[in-house]
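Data first, discussion second: the structure below is written as structure tokens.
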Amino acid sequence: MIRLNPKYIPLLATAVVLVAVFGTGAALYPNFGTPRVFVNLLNDNAFVGVAAVGESFVILSGGIDLSVGSMVAFVGILIAKLLQVGCDPFLAMGIALCAGTFAGAVMGCLIHFFEMPPFLVTLAGLFCLRGLGFVIYPESIGIDHPFYGEVLPQLSILVAPKAVLPFTAMCFLASVLVATFIASFTRFGRNIYAIGSNENSARLMGLPIGQTKILTYALAGFFSAAGGVVATFYMQSGNPASFVGLELDAIASVVIGGTLLTGGVGFIPGTLMGVLILGLIQTLINFNGTLNSWWTKIVIGVLLLIFIVLQKLISRRAVTQL
Amino acid sequence: MSTQLLEIAGLSKSFPGVKALDAVNLVVRSGEIHALMGENGAGKSTLIKVLTGVFPRDAGETRLSGQEIAPKSPREAEALGISTVYQEVNLIPHLSVAENICIGRQPTWLGAIRWGAIGKRARAALARLDLTLDVNRQLSSYSIAIQQMVAIARALDISAKLLILDEPTSSLDKTEVDELFKKLRILRQDGLGIIFITHFLDQVYEISDSITVLRNGCRVGCFATQELPRINLVSHMIGKTLGHVEALEQTRASTATIRSDTPILEARGLGKKGTIQPLDLDIRPGEVVGLAGLLGSGRTETARLLFGVDHPDQGSIRINSQPVKFRSPRTAIRYRIALTPEDRKVAGIIPSLTVRENIMLALQASRGSWRRLSIAEQDKLADRFINSLGIKTPSREQVVRNLSGGNQQKVLLARWLATEPKLFILDEPTRGIDVGAKAEIEKLIQSLRQDGLAVLFISSELEEVVRQSQRVVVLRDRRKVDELTEAAISEQAIVESIASHSSERAEA
Amino acid sequence: MSDSLSDLIFWIAFAAILLALRRQRIFWTVGALALLLLFNQFFTPGFFHLQILDGHLYGSRIDVLNQGAKVMLLSLGMVLVIATGGVDLSVGAVMAIAAAVSSRLLVTQHLPAGVAIVAALCISVLAGAWNGLLVAGFGIQPIVATLVLMVAGRGIAQLITEGQIINFLDPTMVYLGNGHLFGLPFTLTLVVVMLLLTHFLVRRTALGLFIESVGDNDEASRYSGINAKQVKFLVYTFSGLCAGLAGLVACSNIKSADANNIGLYLELDAILAVVVGGTSLQGGRFYLVGAVVGGLFIQTLTTTFYAKNVSSDIAPVPKALVIIAVCLLQSEVFRARLAWVLSPLEKFLKPVGSRLPRHLPTTARHDSPKS
């Protein structure tokens, strides 16, 4: 008999939930199972997804990043403002990504060098970025640059009849691919797992703790900023007041994607599935029409609970095995 | 003759207030297993930590294969060929076996990790230990023994010349130890130098070629294992020459105060797998029972079973002839049992609370949260014990963290005396405290005994055990090997029974 | 003229309090509040203006007390949770639930206000007990355990209100957040009563000692016979109760229950208030009054921005700076680096029972990034 590696159990559970939710939808509504719904799903959740990928790294390292929502909003208004003053869109995006990476690195440095709790440091990041967004411009700015209006819509691929994969969805999938590579095929990525699983051991094994931690937060900042860039594609505007509480969705996606909130266990593709599960529940509730949107939150909460308890049981079993 | 691999000369290291290592020398040759022995505080772990660059040294020099080295971190030490395997397996439980062996130095191609090569390398490293595992399985799915061997394999993968094993056997059972030793012999054949730290005498004699004994930060000597009788080894470790042991004046307390022959506590066949072999133990009111044995012999484990911290999987406990089961220390406390733990910092003091709060804690806990002691009662209680035990503190509102070790210990004693216990378990009450405080605590124990308390006294210092106890239970390698009473109690007798080859015979 | 006289009295009283607290831990918190108020005294015209209308006092300082009530109430529960080494992220969502339950019972079920209030508080206590069960019973990390209710709680609140914003006019409910007692807002009385009650609960019983003991050294507490699980369960339950009260005040303030927005982000403010109040996120010693003053400080900061006509949207930035400052002051690495500045200061302000800067761990640090 093939012995299932216990670290795959949460991922498997995520896949089962994803299939179950999708199956339920397909069984209930004839239009649900079409590629088009799926493509829309990817499009609608692209910016959350990209940000959640960044959050995955931080959670894998045993930390937490609360600044995601503010970062997405900040980057959105930054790009919108830069475009408004006539900046080149690619330069604007580059500046935004650099700013995000820098902010992440600063938080990482505070956490590492002063041994401050990640929770509070990224909470400060949340407040700071939210405020800075309003400093740039206190209201929503629409984006009417030709790149957004004309070029972007053409950057899409027909994947199936009546199902066009938009550029935002491609960004999302590309992020997942890149992140999976970083997490599974680089020393840096493996060091993140090691630190998240047991920081003290990792230190005694001679792994570079500080460097890895700072880079992890910088990387998370980069992905959050990339999420902000994707959000401008999707919204065609920037608004400093938007995306409040997005970090919760990101964290929930990561956990439902099978990543242990205490760090060290999880897979980036799991986060992709987590984001899709959250999106599917939303879609399902929209399809239903009579169910209300608050059920989304309740269902997400219940799923969170199930995954947390599942992981607790697995880790407890691992301990008793010894 | 094999070459000298590691030479340490005149190594010294001080911490604030303590000289942890005082001009220590150590020579390890290639192809030998060198045991490093010493009681707690002897400086073994400091020596290892200085050697591997965890602590900077104050003085002295280290040569590896004739080259002067001074690693600044474990990583640097590893690069030089010195690898350490700790008692608590310091690997990443959630990662696979292969990854644990290779992490930090994975083979890459254009920055991408070559997983295939990792598996191959891991299997090769394990093969040197004559071990085949599914290297893709998560490390935590293997037993501690296997994890330990994976840790050794990791060390081998860096082409280590010197392998340091810090108490590798303390969580292994007999067959696992045999298996480990088989692997170590293979490595010895390969010409590795191995420093082996353990508290198990049998194992030292089974595997090691030479022994260096440390005591109080000084090197006592280096001996060829074959030429060092056990009894001499034990005497070296505890710091009494044989003549000394015999000549020591017996200043044992009288036994006149034993009030009744009914034991307050009777343990029958009490044991827990992997912790302590089943043992019998009686403690009577007005009696001090000493629990002697080297570190790791099961002394603390016995105390934890008696106090309900751990749960026995066999045997029974009776208090005043009533059978009882301790679900937690709370239950034990209800039966008027008290325990001062071996590790004051982890399980004893509440560091940021005041002396007063630390003293009243257990009494208050047994009263529950509603029946709070009034401030006046608390002050009276604290003052009473500060005076009677001579706790040196600027005020009862001083934070306990700022007290010296001896005074912290007295605060702990006060905490339990306030609950008026019937049985007091003292686990290493005199460790790490100065001589004056030590004498005071010893005096206190005798006065408690005269008041009719039953005391279980655990100490690594045999002299103390002999002075204090009316009965001494000797433990070795996690089983009770002897019980001495009254006149039979002497350091010599205890040393002999610890050193005796009687492991088979003692198994009842 | 009468203003400057009352200001003078205010400042003399405040200075006296500060001096009296010189050796207490909360000196820092009260001192920070004093600095903020001093800034307003000179740079915010009208901030110190008080007037009496219909026998009630009005003015910015009164606003601070009234608006800050929610965070102060939350911080009372939060400080106990944090003292055990945990954190409760769900208080904002529990506020929404309490608001939803009370207004639903009041408006659609036409139940008397008293019943609605009691029912809302009972539900909040249950919510807190749920958190306590996850943390103490199942041993789940507090951040994770309370995250569940933080996410699901708002959905539950919306479920109760059926997604509507329920408006109410019931005088009792409206009085809770808008009424006056002794010329001062009723919320102030509520905070003071709750503070006294909490103080009684933890300091007149041994519970406070047990909480600090568990937060400071879980293992040693168990050896001393303290029921750590029970203690943890209790503090989360109590935090639920405080959140419920805050939720009632919040919906009463705006005379409606908006499940989406009531208590949004207030869990962060409450945690901040506790930390500003001198309690460490690591657990251990806690400062009840400090947490309440911390809440007051945060509200003063926000109100200052309103008064200076700075967009309330930028207000988070100084909050972020406050967090970093407090974290730095609590960071042992930072304290060690700045020991030459801090230690003379600490000697002067040395509290009774002394909080000397701890020695750094002797282990050398190897993890600094290598170039």
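In this document, chain identifiers A, B and C correspond to the written order of the chains, with residue numbering beginning at 1 in each.
Assume a contact is a pair of C-beta atoms (placed from the backbone, for glycine too) under 8 Å apart; a residue touches a chain by one contact, two chains touch by 3 or more.
This structure is a prediction, so every number in the text was calculated from the model and none was measured.
The touch graph of the protein chains shown is complete. Each chain gets a centre from the mean of its Cα atoms; the one farthest from the centre of chain C is B.
Set side by side, A-B and A-C show the greater C-beta contact count at A-C.
Computed from the mean C-alpha positions, the centre of chain B lies at a distance of 45 Å from the centre of chain C. A separation of 47 Å divides the Cα centre of chain A from that of chain B.
Once the centre of each chain is set as its mean CA position, chain A and chain C turn out to be 30 Å apart. Each of residues 203, 206 in chain A touches at least two other chains.
For chain B, residues that reach two or more other chains under the stated contact definition are 73-75. Residue positions of chain C touching 2 or more other chains: 366.
In the complex of the two chains, the chain B residues touching chain C come out as 15-16, 53-56, 72-75, 307, 309, 328-330, 333, 339, 341, 346-354, 357, 360-362, 364-373, 395, 397-399, 401-402, 415.
Against chain B, the residues of chain A that register as touching in their complex are 3, 5-7, 181, 184-187, 190-191, 193-194, 197-198, 200-207, 264-265, 318, 321-322.
Residue ranges of chain C in contact with chain B, taken from their complex: 204-207, 209-210, 212-213, 216-217, 219-227, 284-285, 352-356, 358-359, 362-364, 366. Residues of chain B touching chain A in their complex: 73-75, 78, 84, 86, 90-95, 99, 103-104, 106, 108, 111-113, 115, 136-138, 140-141, 143-144, 154. Per the touch definition, chain A reaches chain C in the complex via residues 64, 110, 112-117, 119-121, 123-128, 130-132, 134-135, 138, 203, 206, 208-211, 214, 240-241, 244-245, 248, 251-252, 255, 261-262, 292-302, 304-305, 308-309, 312.
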